[in-house]
Amino acid sequence: MALSIGVDVGGTKIAAGVVDDEGKVMARLQKDSPANNRDAIMTTIIDCVNELRAQVEGVATVGVGAAGFVSSDRNTMVSGTNLDWTGVKIGDVVSAGTGLPVVVENDANAAGWAEARFGVGAGRSNVLVVTLGTGVGGAVIIDGRLVRGAAGFAAEIGHITIVPGGRPCGCGLRGCLERYGSGTALGMNGYELARFRPDYAARIIELSGGQVRDISGKAVTMAAREGDAAALECYEQLGDALGQGLADLAAVLDPEVVVLTGGMTEAGAILLEPVTKAFSTYLTARSRRPEIPVLISSSGQDAGLIGAADLARA
Amino acid sequence: MALSIGVDVGGTKIAAGVVDDEGKVMARLQKDSPANNRDAIMTTIIDCVNELRAQVEGVATVGVGAAGFVSSDRNTMVSGTNLDWTGVKIGDVVSAGTGLPVVVENDANAAGWAEARFGVGAGRSNVLVVTLGTGVGGAVIIDGRLVRGAAGFAAEIGHITIVPGGRPCGCGLRGCLERYGSGTALGMNGYELARFRPDYAARIIELSGGQVRDISGKAVTMAAREGDAAALECYEQLGDALGQGLADLAAVLDPEVVVLTGGMTEAGAILLEPVTKAFSTYLTARSRRPEIPVLISSSGQDAGLIGAADLARA
Amino acid sequence: MALSIGVDVGGTKIAAGVVDDEGKVMARLQKDSPANNRDAIMTTIIDCVNELRAQVEGVATVGVGAAGFVSSDRNTMVSGTNLDWTGVKIGDVVSAGTGLPVVVENDANAAGWAEARFGVGAGRSNVLVVTLGTGVGGAVIIDGRLVRGAAGFAAEIGHITIVPGGRPCGCGLRGCLERYGSGTALGMNGYELARFRPDYAARIIELSGGQVRDISGKAVTMAAREGDAAALECYEQLGDALGQGLADLAAVLDPEVVVLTGGMTEAGAILLEPVTKAFSTYLTARSRRPEIPVLISSSGQDAGLIGAADLARA
Amino acid sequence: MALSIGVDVGGTKIAAGVVDDEGKVMARLQKDSPANNRDAIMTTIIDCVNELRAQVEGVATVGVGAAGFVSSDRNTMVSGTNLDWTGVKIGDVVSAGTGLPVVVENDANAAGWAEARFGVGAGRSNVLVVTLGTGVGGAVIIDGRLVRGAAGFAAEIGHITIVPGGRPCGCGLRGCLERYGSGTALGMNGYELARFRPDYAARIIELSGGQVRDISGKAVTMAAREGDAAALECYEQLGDALGQGLADLAAVLDPEVVVLTGGMTEAGAILLEPVTKAFSTYLTARSRRPEIPVLISSSGQDAGLIGAADLARA
């Protein structure tokens, strides 16, 4: 049984663990992420690996998951999302510091891989994993393999166009799925309602401490749980965008299952119902194809490190 | 050197050929397609294979390309586009009639595969092939493998939504890429201009024999070649839709190259210019990624049979 | 009691009548319109007036209604819709030939005026009349007066934008209400469904003699009367566009009543239901304002000449 | 020469003045508005009138302008925008307290009337006045008369639909012109850019004290004055919406001139250029009609009271 260490490099924490080939975490540790200090982060990653190796024998590989475009060489960060480590050969650095073979993966890809291999997607070869957090990311698994793309930029599913000419996006376009389907978007939906229809959105405002400007997706979700009409309208709007986006992806990828993951999935049916309704409406040739279930992830916080570890082994 | 026979089953013709492992056609023949007669078509396919084997020694496999959803078993037609052969195990029937192993593939996938292996996509592992004819189809090649999807329905790129609530589509939705990016769509663009702005579209009407109702994509292309403003506007509209659609696909798939194929590519730069312009406009994170060239296919009519033959060998 | 002669100059017929101040036609006649011959049409108009005067005594004024932009001098045709009589001083010519004072009005304005004065709008001072025929026209009556605009171009309600970037329009724009709310639009809706979903639109095709290219609004209406789902969808699409357009107009004009007239109103409830549903949905401040009923015209074919006659008297 | 007193009832101030029939203010005073106290406001209005009468002889009429839907009886407030004086007969109350005939008008109508009579619209009979402030309001003057509508709800030009399904509006709809064309909308455009493209919108954020949540239309305007690209993009987006809205209104009303007024006009050419560009693009039959200039108001803060005074005289 080959063991692998996975490291999930987040904006505030670095989590690492020894993972067996069934996706079980045998040992784990977590350190603060030395924000904005590239070299310190590298050292922390290396420390994590070496500390874990001291605890568990038999580790053969290391996988590092980080936010950004990772080159298809699975070594170089082409463009980091949170950190300016453009061009850094993370794999080489960590390998030099640990003496182990290292692969680097996009963090959403790593988490999605864990979902597809060991989570609700387990046993399926064609899985679309959609991460709904402050942004919309994802992982595409086809014929049992992770799709990284020619340059390592694949699965940028948050940046397909949903509303031509719509909300501006960090990627430079307008109307991207991320601007209508993320937790941030949910908060924006609530903020717009609250600014222009404060009576209707009164409960959302109240749950935001009375300040329209403080409205976030979380307040909308709390209100939606209470059955608040304005909050449910925010979810309808979100679900419609996500359903259309997922249907576009399904037309191209034909997955067996779509797995939703990320912080927004805590909303459960409040999220799932409008999404699946819209997904059915927008899915091409629906009557002629097998049903494509949309499921909420069963994996927890460790998905990122488990996936990174497992991808290193492959 | 393993030889393979490819059969391309079209609505009016059945073309077949012996193909070597470099994609060269060593012998070929063509028969009329006995339209709407399922059994007669099967017999014709089998005849083609057996006649070719009589001509060339060393054929080890057969690949059949046909329009429709082909099951991921690469044997059964789930739902035919032109013919009602739902559920027919084409592979088994042709194998029984020829004594050779047979695989069945979607025809656009087969042609796209030839493009990616032996055409302008040769040497690349991640290729998006887009077929622009009366419809919009395509083939997705990732890491050197054809993407068929969980149920064999992948690469239905003509049915991602481009204009929410727009033109109705045969798939039951509205606003699909096929309704705005195909040759049929080009004709529709011309027809709409001609009905409501006949003076402006005068040259398109003239080239359609004076009848607005007879306007097709071909007449629009002829007028566009002459520099006619109305026809070029039809191409702008088409290119904008295609560019947006291709950009959405590139966000998900990150191909090295996009290859346009099908009858519409005869328009050359008239097609390519508005498409690439819009593709650049809608491509996410464009400044951070390698350029993704959009190329026009160099393959000819034989792409379908070459691809089917080659896929059978794999 | 002052009598007035009204002349309604159509593309194929010229209808004229002596009208009393309650909108009753005391004598009428009709002549073929000498198509495309401007001078012959003028002579025909003059002949109509003089023949009617020979029949009925006491005629004091003449009103001529014609399609096109009529200058606010109520004399000059700025730009004719069917005929090239740009700049012709129709009023002066007819006055010279009859010895009577003559005013010229846009034909939709004339018919709308009759509607508002003597039809279902009678007794109301603020009326929006919408003519639904091959195009979408209208008349706006505010505080009991016809709104002609600074240059005589008012009430071009068919040319407000409903679908940005949508179907091209004869006026040079895209997405005008006329392209989504007219009888022509209804036929277009049917044509699009029939081309791309022929099974679904089978009854519409059948009622068009089996030819998709022959589909008109009339065939769609016939099928809708039978309860055909595809035809009713065409009406939903039409009603949604009209409802949005009427709501925009109501936000600006605040009429007491909206009157629909023109050939399309023969469809009755099939038209009225989707229109009123959408009108309610899109009407601003609906809960705070009096209801604005949408009614179908009770006037017949004579509305054009009655209105022209009456406007001449004012 | 008949003198008239105009009273402009704002949310924070009540301004009143004696106005002659050429629109000149002969005496003026201003008091704080006793916010949220209906009776106190009435008393303040009456005090203003009586104090002014004590200063200037010959006042014959009083006009009161206030925000809300004013009934076409020009006496009753149907629904107040800022104050809950639904159903209050403001005219009767003020008349009882002053002994003068009183008319009540919507405040935007009153200001628009002053613009059309004494401002840049002077000498024109057909004027569209558009007030661009925190909202989008307006006044429609046709044939020299103010259009109030059947129920007093006319000229709600901020609530025509510009973006179907777009930003939610206080009126209960989505996508109203006010949500895309007001100062609030300008701030929203800036806020969206700043949230999702902070680098690009850095100057707007800086001018908002470094807080994205504090971004207002004013900060966008300041940045636009410096030539900041992001701020100019916000204005492009605003101008496109306004241009489309104005073009829709011009199709219906055919004004001689469009006058922009309200706080946003301080931006001058920064506002006017994108608006006029879009207006030209969306104006129907543009080549056949006289040009409709879009001008910025020359009237100052007194427009509201001048208009109210003048309307009382008519």
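Labels for the chains are A, B, C and D, by order of writing; each one numbers its residues from 1.
Just so we're on the same page, contacts are C-beta pairs under 8 Å (C-beta built on N, C-alpha and C of every residue); 3 or more make two chains touch, one makes a residue touch a chain.
Keep in mind it's a predicted model, so treat the numbers as computed, not measured.
Peer 1: Based on which chains touch which, give the shortest step count from chain B to chain C.
Peer 2: The fewest steps needed to get from chain B to chain C is 1.
Peer 1: For chain C and chain D, let me know how many angstrom lie between their CA-based centres, rounded off.
Peer 2: Computed from C-alpha means, the inter-chain centre distance equals 33 Å.
Peer 1: Rounded to the nearest whole Å, what is the centre-to-centre distance of chain B and chain D, using the mean of the C-alpha atoms as each centre?
Peer 2: Centre-to-centre distance between chain B and chain D: 57 Å.
Peer 1: When the C-alpha atoms of chain A and chain D are each averaged to a single point, how far apart are the two points in Å?
Peer 2: Computed value for the inter-centroid distance: 47 Å.
Peer 1: Going by the touch rule set out above, which residues of chain C reach two or more other chains?
Peer 2: Residue numbers touching two or more other chains: 169, 172.
Peer 1: So that we know how the chains sit together, what is the shape of their touch graph: line, ring, star, complete or other?
Peer 2: ring
Peer 1: When you check every pair of chains, which ones turn out to touch?
Peer 2: The list of touching pairs comes to A-B, A-D, B-C, C-D.
Peer 1: Where on chain A does chain B make contact in their complex?
Peer 2: Going through chain A, the ones touching chain B are 69, 78-79, 124-126, 140, 142-143, 145, 147-157, 159-161, 164, 169, 171-173, 176, 244, 247-249, 251-256, 282, 284-290, 292.
Peer 1: Using the touch definition from the top, list the residues of chain B that touch chain C in their complex.
Peer 2: Interface residues on the chain B side: 167-170, 172, 179, 184, 188, 192-193, 195-197, 213.
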